[in-house]
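Structure first, then comments.
Letters are used for the chains, namely A, B and C, taken in the order the chains are written, and counting of residues starts over at 1 for each.
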Amino acid sequence: MSRVTVHELWKEYGDQVVLERVNLDIPSGEFCAMVGPSGCGKTTFLRLLLAMERPTRGRILVDGRPLPPEPGPDRGVVFQRYSAYPHLTVLGNVVLGLEFQRAPLLARLFGAARRRAEDEAMAVVDAVGLSHARDKYPAELSGGMQQRLSIAQALVRKPKVLMMDEPFGALDPGTKAQMYELVQGLWRDERMTVFMVTHDLKEGFTLGTRVLAFDKTRHDPDEPGAYGATVTFNLPLDEKAERAEIVARLPALAASDADE
Amino acid sequence: MHRSLKRVLGFAVGLAGVAAMTLSPAMAAEKKDFKVAWSIYAGWMPWGYAADSGLMKKWADKYGISVEIVQINDYVESINQYTAGAFDGCVMTNMDALTIPAAGGVDSTALIVGDFSNGNDGIVLKTGKTVADLKGQKVNLVELSVSHYLLARALDSVGLAEKDLSVVNTSDADIVSVFSSSVDSTAVVTWNPQLAEVAGVKGATKVFDSSKIPGEIIDLMVVNTGTLKDNPKLGKALTGVWYEIMDLMAKGDAKVLEHMAKAAGTDLAGYRAQLASTMMFYKPTGAVVFTTSAQLPRTMDRVRSFSFDHGLLGEGAKTKDAVGMAFPGGKTLGDPNNIKLRFDAEYMAMASEGKL
Amino acid sequence: MGRRIINRHPGRGSALFWGALPFLVLVVLYVTFSALRLAENPNDKLLPAFASIADAIGRMALEPDKRSGDVLLWADTAASLSRLGLGLAGATLLGLTGGIAIGLVPYARAGLAPVVAVLSMIPPMAVLPILFIVFGLDELSKVVLIVIGVAPFLIRDLALKVAEIPSELVIKAQTLGASTWQIVTRVVLPQVVPKLADAVRLSLGPAWLFLISAEAIAAQDGLGYRIFLVRRYLAMDVILPYVAWITVLAFLMDWALRRFNRSVFPWLARGAS
């Protein structure tokens, strides 16, 4: 439900240019899969969108307004690891977002307010298929279940933009397939704008409505840090037919990307 | 496992051997090498001089023995070491001689009566002008030491008792800084050189000192009775060197006094001031008279009553008679079958007769 | 040749035997030399027989003292434990607030981390004379010694543990709309308090050391006071049981803190994390 506009974005660490000349205009409700070789700034871009870091130059606008300077509840996140709080149960992890919102001082809800929040949270826990594990701690969950929990946690505050940093990178193939189904269903229901970093081209083309490829267009062999990466192609996949065709060509694409 | 067991047992036996050498009681027998301990105090500085000047070696050589004089920084530790058997002799006060080695079953002889405190120990108040003002105060002192005894005697003199005030055990090293800077500390009992410092604090009054109980706090050279009996040469050498140095001090030999002052951490004037409140027996004759007087048993009776009341004679002591004491002329106090502290004027008499 | 010694493990019974052996050796050595010394001198105080130690325990733990009317062991224990408790509580509070501030708030880290690092290098015993002058000879200076002896370590340890919380968890809380205060109370505190309890366990040894040193120098009661008082007449029959009692107390405190962690934070034990 949010349009994300990026204008002449640069990110440098000292002499090292990580991102340069990034320009994007993503319409609301898109599922953007960000692909590209390691170290080409996909995750940095995600951190900039989250406002974990500030751009060196350029602007990011959400619905025409500048991005707030720090992370906030309008932009949710799912990391590859360490997304759930180890000291809270599944339900506790999900209720936490509502408690932050509704109990500024104690961050704890009691009585009727707590029951209401738990009901809301349980709806989300149900949606990610974890109702049977509501009283378990994250350490007792499998990797896939932990990522489901992390997604539920992020969804409970109904963010306008959801960012995912290789959310399925540590999962086995069978679990991945289930997670794809889950994420696509949730995305369709909530109609939020999604940015997902992935290593896996096939995953990107399967889930995304748009694929953003990051890479360097200029190289200085003597000074690898002199030039940064940018979005080398920005491919909307609205047409189902086109998507099918690209997915079919994937092995070839993957081969060209084999140095990852 | 058997092999390692053997190794462990071997180790244990070795350990036992080391422990046996360090922990076994000193066996009394004729020997040639002796060790005595001393710690810094106005009346004991001559022992440091005896070691540094070579006079101790001169006297030991004369009797064909060797005597090592070891300075111990912590006074109580030096007495404990002597009691445990690490030294043949040690300097201490009459009260500590009774309560530490004698009460610990180590038969000890007061070989040399060097001096008694004649103002070297005192009670100083910040708020109050007389001993009676001690009532209800918190008093900083080294508990169970001669300071404590002095306090008890002072309270006696005005009809107060220890329960009328509270006693705070305070290390002698900290008494000066505490009394001069802390509002918590309003009364102290201590000895010189600390006494001079606390008495000099603005508004402080010295309400009592050991000159009011002359001859009750006595500084001694104490040696193991068994060792002395088997080795009279040790007694002769120690007494000999002591009175040679006493002669030098009595003549006011500035070089000797300067050396002692420096070792005591003060200057000549400071050391002379400390000696002024110390009744030194420069001549052996005076020490012999003091030791053989009828006053000494009376003093020791007071000391043993105080010690018994404060549990210093140990749990085995059911009465103050438990630890016996002997005085010149066959007079005894307490259990005659358990004489553990002997005042002996014999060697000092030899010195006064010039027989050393 | 059998296996290397690093590959040989004692069985259950044998481990028990090897564990008990050093204690046995110590007891046998003690009894032997105690008997030797007592044979020489029945009044020897250095290595009293177990019977006289038992007498002393009875006297200290069961009978009221002639002078004060208190049962000394319990009075001393109460005095020492209240000092230790206050000191550790103060140090823990400082450790928690300081550690979280330094670990979580960049300005607090910039402002406090260097001074805490320098303060933690000061040997606390060296400032004891200053403490006595500033805080007097009463309870306060003893409690303060424990606090300044233990708090810098706790602060630094806690700051490290806070910094070790994955940044993902803190970012995630922000994306859920949490304020700094909410992050402290709901994310940081629950995760570092168990680690704080571990750090306090490690501090027990130094805390006792500081307590006993302070009591040795100036006090009217306390376990350290008694040991250094009766040392004046070499009453090893009192000193040895007091040392054993302090060991037992320290052990119990350690055990209680371990139990605290396990019962208050069930998530620590659940699952294999």
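The working rule: contacts are C-beta pairs under 8 Å (C-beta built on N, C-alpha and C of every residue); 3 or more make two chains touch, one makes a residue touch a chain.
All of these numbers come straight from a predicted model, not from anything done at the bench.
Among the chains, the centre nearest to the mean of all shown protein C-alpha atoms is found for C.
Chain centre most remote from that of chain B: A (centre = mean of CA atoms).
Chain centres here are Cα means. That of chain B falls 37 Å from that of chain C.
Chain A and chain C, compared by their mean Cα positions, are separated by 48 Å.
Look at where the CA atoms of chain A average out and do the same for chain B: the two points lie 83 Å apart.
Contact residues of chain A toward chain C in the complex are 50, 52, 70-73, 75-77, 79, 81-83, 85-88, 96-97, 99-101, 104-108, 136-141, 150, 153-154, 156-157, 159. Residues of chain B touching chain C in their complex: 1, 8, 12, 15-16, 19-20, 23-25, 76, 80, 83-84, 99-100, 103-106, 140, 143-145, 162-163, 166-171, 173-174, 177-178, 181-185, 309-312, 314-316, 340. Listed in rising order, the residues of chain C touching chain A in the complex are 166, 168-169, 171-179, 181-182, 185-187, 190-191, 265, 267, 270-273. Contacts from chain C toward chain B in the complex involve residues 14, 21, 25, 29, 32-33, 36-37, 40-47, 52, 55-56, 59, 66-67, 129, 132-133, 136-138, 216-220, 225, 228-229, 231-235, 237.
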